[in-house]
Amino acid sequence: MSETKKFMYINRKAPYGTIYAWESLEVVLIGAAFEQDVSLAFLDDGVFQLTKGQDTKGIGMKNFSPTYAALGDYEVTKIYVEKESLEERGLTIDDLQHLVWEDEDEDWAEKDSISLISRSELADVLATQDVLFNF
Amino acid sequence: MLHLVNKSPFDGCSLDTAAAIMKGGDELLLIEDGVYGAMKNGKGAALLDGLKVSVLGPDLAARGIPEDRLVDGVSVIDYAGFVDLVEANDKVQSWL
Amino acid sequence: MKLTIQVNEGPYQHQSSDSAYHFTRAALEKGHEIFRVFFYHDGVNNGTRLTTPPQDDRNIVDRWSELAREHDLDMVVCVAAAQRRGIVDEGEAERNGKDATNIADGFRISGLGQLVEGAINSDRLVVFGD
Amino acid sequence: MSETKKFMYINRKAPYGTIYAWESLEVVLIGAAFEQDVSLAFLDDGVFQLTKGQDTKGIGMKNFSPTYAALGDYEVTKIYVEKESLEERGLTIDDLQHLVWEDEDEDWAEKDSISLISRSELADVLATQDVLFNF
Amino acid sequence: MKLTIQVNEGPYQHQSSDSAYHFTRAALEKGHEIFRVFFYHDGVNNGTRLTTPPQDDRNIVDRWSELAREHDLDMVVCVAAAQRRGIVDEGEAERNGKDATNIADGFRISGLGQLVEGAINSDRLVVFGD
Amino acid sequence: MLHLVNKSPFDGCSLDTAAAIMKGGDELLLIEDGVYGAMKNGKGAALLDGLKVSVLGPDLAARGIPEDRLVDGVSVIDYAGFVDLVEANDKVQSWL
């Protein structure tokens, strides 16, 4: 278990309609303890997971969207959002939560966690991974 | 006749088929992930043209979609309004 | 109006059971009659008393059981679908040689005819699924 | 229970990948005993349910496709297949099972159960129904 | 090669569990090592001993149990997902005050870390879902 | 990298996205309802152009699709072949 692998969690489903988004996040939180090289990708309907202002009172379900903002504390700092998926859905990066992490090596400077990348850049990122998690 | 769509317009063809099958006087209600179909600039917008469309507000709020992001003319209703729609139409078709 | 509600998916994985619950409650509050709630396909999994959801989340099964108790709802789990998925009451346990039951309060196991009968006797059938 | 209603079973999902097609058919078979005015519609991926030559040995699942041919014996004789759905999938009516029923009133003459109809004709048929079953 | 298999859907509703089973069996026949089969989401419902499928159909749960027995497979049901869906062993029944268990032969309930550990220790992770 | 698609090309965008993300050297395997994606004259056919594609034979047979209805160049394999593909590629992406 000493080897470090590049783990990527692939998120392609909308939140609340199904539980995949939430139970995927549960794996990310648990997985953080294993000190692998972790990143998350959001594409297709998965980009909806990151929208601001989610309010689940009316449907009586747990609002798990604040958990994304806590990912930085779990040292999960590489979050890729696919540009084409946002555009097809009429969304911009401003519709998403602003996710940040604090860089210990630079006097806890706050840095953006989200990288907006194109589909072909995402393909390059996928190619460099060791394990892809799908839910 | 009330048409129910609960899927994102990117997940299957439920919204496409519902919109194509709908007749004058029919109504469309978007629930669950179906509410994404009513977003302005989204894939579903073009399909809704000329249709009588409602979206379930609690599902919209859960997904963080402000009402001003919806296609013009779409009504936002609650579960009680959902019940009223079912009563007002002679039958319900769930496009699962 | 008299309604039959059909639920095709199990608890938590899909929103169907939540939507059906909120719809059913709203219909009851408006004074409509729920002829029957019929759980089909994975929907039968709403009828197990063995779930323990996280404390900060809703308890889908208990919520149905309470609604049934308050409003004397007829909640039917399809026997054929239940046998495939492992939802068992005393009668089923005996018939199929099972050493445990898991059916929750307020649910009963019966045949598919109950769905058809519901559709015949109701003004509307409303289906929640995937 | 003396009233006769127009029941339509809507089939929009492919067989085997999910159980909806098969469990829908189980409702049709049970429902036949209730002597309602029953019809079935196949559209979208549901048209794949009716393809000829299904052989499930390799996946170890029950082949339920012969059941469609038995529907006539249950007095289920009105089966609507949407033309557009077939065409989009590169299928023709010849790719589907030939489903027939015997007309008691015409000396048991064999008649076709399947009507190939357009999307707009299907909309008309739906409009005349009392109850729509979806799975 | 060493494999971890993940199953996201329950028995019968989706083909995922069937596909995972046939894949796992083929991998074993070719001499590969199955490090773990991890049942997540509704996949946990593969681990109930209470199913009674029709006699002319396959028995998905028994098939997994037999494969585990023959090949000493490690079949893990995720505890968090199992609590939401009502899959219970002796320990869970005691912890959560349940009056019955339904876990099938060859399955054990454990944490999500088992999936991560599987991914770390295997050459490939293969996921079957909806 | 092996891409797995288990959905009909009419059910969601898995095949579209997989095909768009695939790089030279990657392989695509269609299983379950995904096998419909390899049908000639079907919606998936155009997406497969230039890709290395296999379909799972047992799933194809279950659905009654004869092999001569497939896009040219598609390989039909069994579960053992599926295992071989997983071994031959460095990782697997399931487009669920």
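Each chain gets a letter, A, B, C, D, E and F, in the order it is written, and its residues are counted from 1.
One rule holds for everything that comes next: contacts are C-beta pairs under 8 Å (C-beta built on N, C-alpha and C of every residue); 3 or more make two chains touch, one makes a residue touch a chain.
Please read all numbers here as calculations on a predicted model, not as lab measurements.
Enquirer: Steps needed, at minimum, to get from subunit B to subunit E via touching chains?
Expert: 2
Enquirer: On the document's contact criterion, could you list the chains that touch subunit E and likewise touch subunit F?
Expert: Intersection of subunit E and subunit F contact lists gives A, D.
Enquirer: What chain is the most remote from subunit A, judged by the mean position of CA atoms in each chain?
Expert: Comparing chain centres, D lies farthest from subunit A.
Enquirer: Ranking chain pairs by contacts, what comes out on top?
Expert: Looking at every pair of chains, the most contacts join C-E.
Enquirer: Interface overlap for subunit B and subunit F, more than half of numbers shared or less than half: same or different?
Expert: Here the answer is same, because the shared fraction of interface numbers exceeds one half.
Enquirer: By mean C-alpha coordinates, which chain is most distant from subunit F?
Expert: C
Enquirer: From the mean C-alpha coordinate of subunit A to that of subunit E, what's the distance rounded to whole Å?
Expert: 27
Enquirer: Using mean CA coordinates as chain centres, what's the subunit B-subunit F distance in Å?
Expert: Distance between chain centres: 33 Å.
Enquirer: If a residue has to touch 2 or more other chains to count, which residues of subunit C qualify?
Expert: Touching at least two other chains: 8, 12-13, 15, 22, 41, 54, 80, 84, 125, 127, 129.
Enquirer: Hunt down the residues of subunit F that sit against at least two other chains at once, touch-wise.
Expert: 6, 10-11, 13, 32-33, 58, 78, 91-92, 94, 96
Enquirer: By residue number and range, which residues of subunit D touch two or more other chains?
Expert: Residues 16-20, 44, 59, 61, 131-132, 134-135.
Enquirer: Could you list each pair of chains that touch, in label order?
Expert: By the stated definition, chains touch in these pairs: A-B, A-C, A-E, A-F, B-C, B-D, B-F, C-D, C-E, D-E, D-F, E-F.
Enquirer: Touching subunit E in the complex: which residues of subunit C?
Expert: 10-13, 41-42, 45, 48-54, 61, 80, 83-88, 92, 96, 98, 100-102
Enquirer: Give every residue of subunit F touching subunit D within the complex, in rising order.
Expert: Residue positions touching the partner: 6-8, 10-11, 32-33, 36, 39-43, 45, 57-59, 61-66, 69, 78.
Enquirer: In the complex formed with subunit E, which residues of subunit D make contact?
Expert: Touching subunit E: residues 16-19, 59-62 of subunit D.
Enquirer: Give every residue of subunit F touching subunit E within the complex, in rising order.
Expert: 4, 6, 31-33, 58, 78-80, 82-84, 86-87, 91-92, 94, 96
Enquirer: Note which residues of subunit C are touching subunit B in the complex, please.
Expert: Going by the criterion above, the answer is residues 1, 3, 8, 15-16, 19, 22-23, 25-27, 29-30, 32, 124-130.
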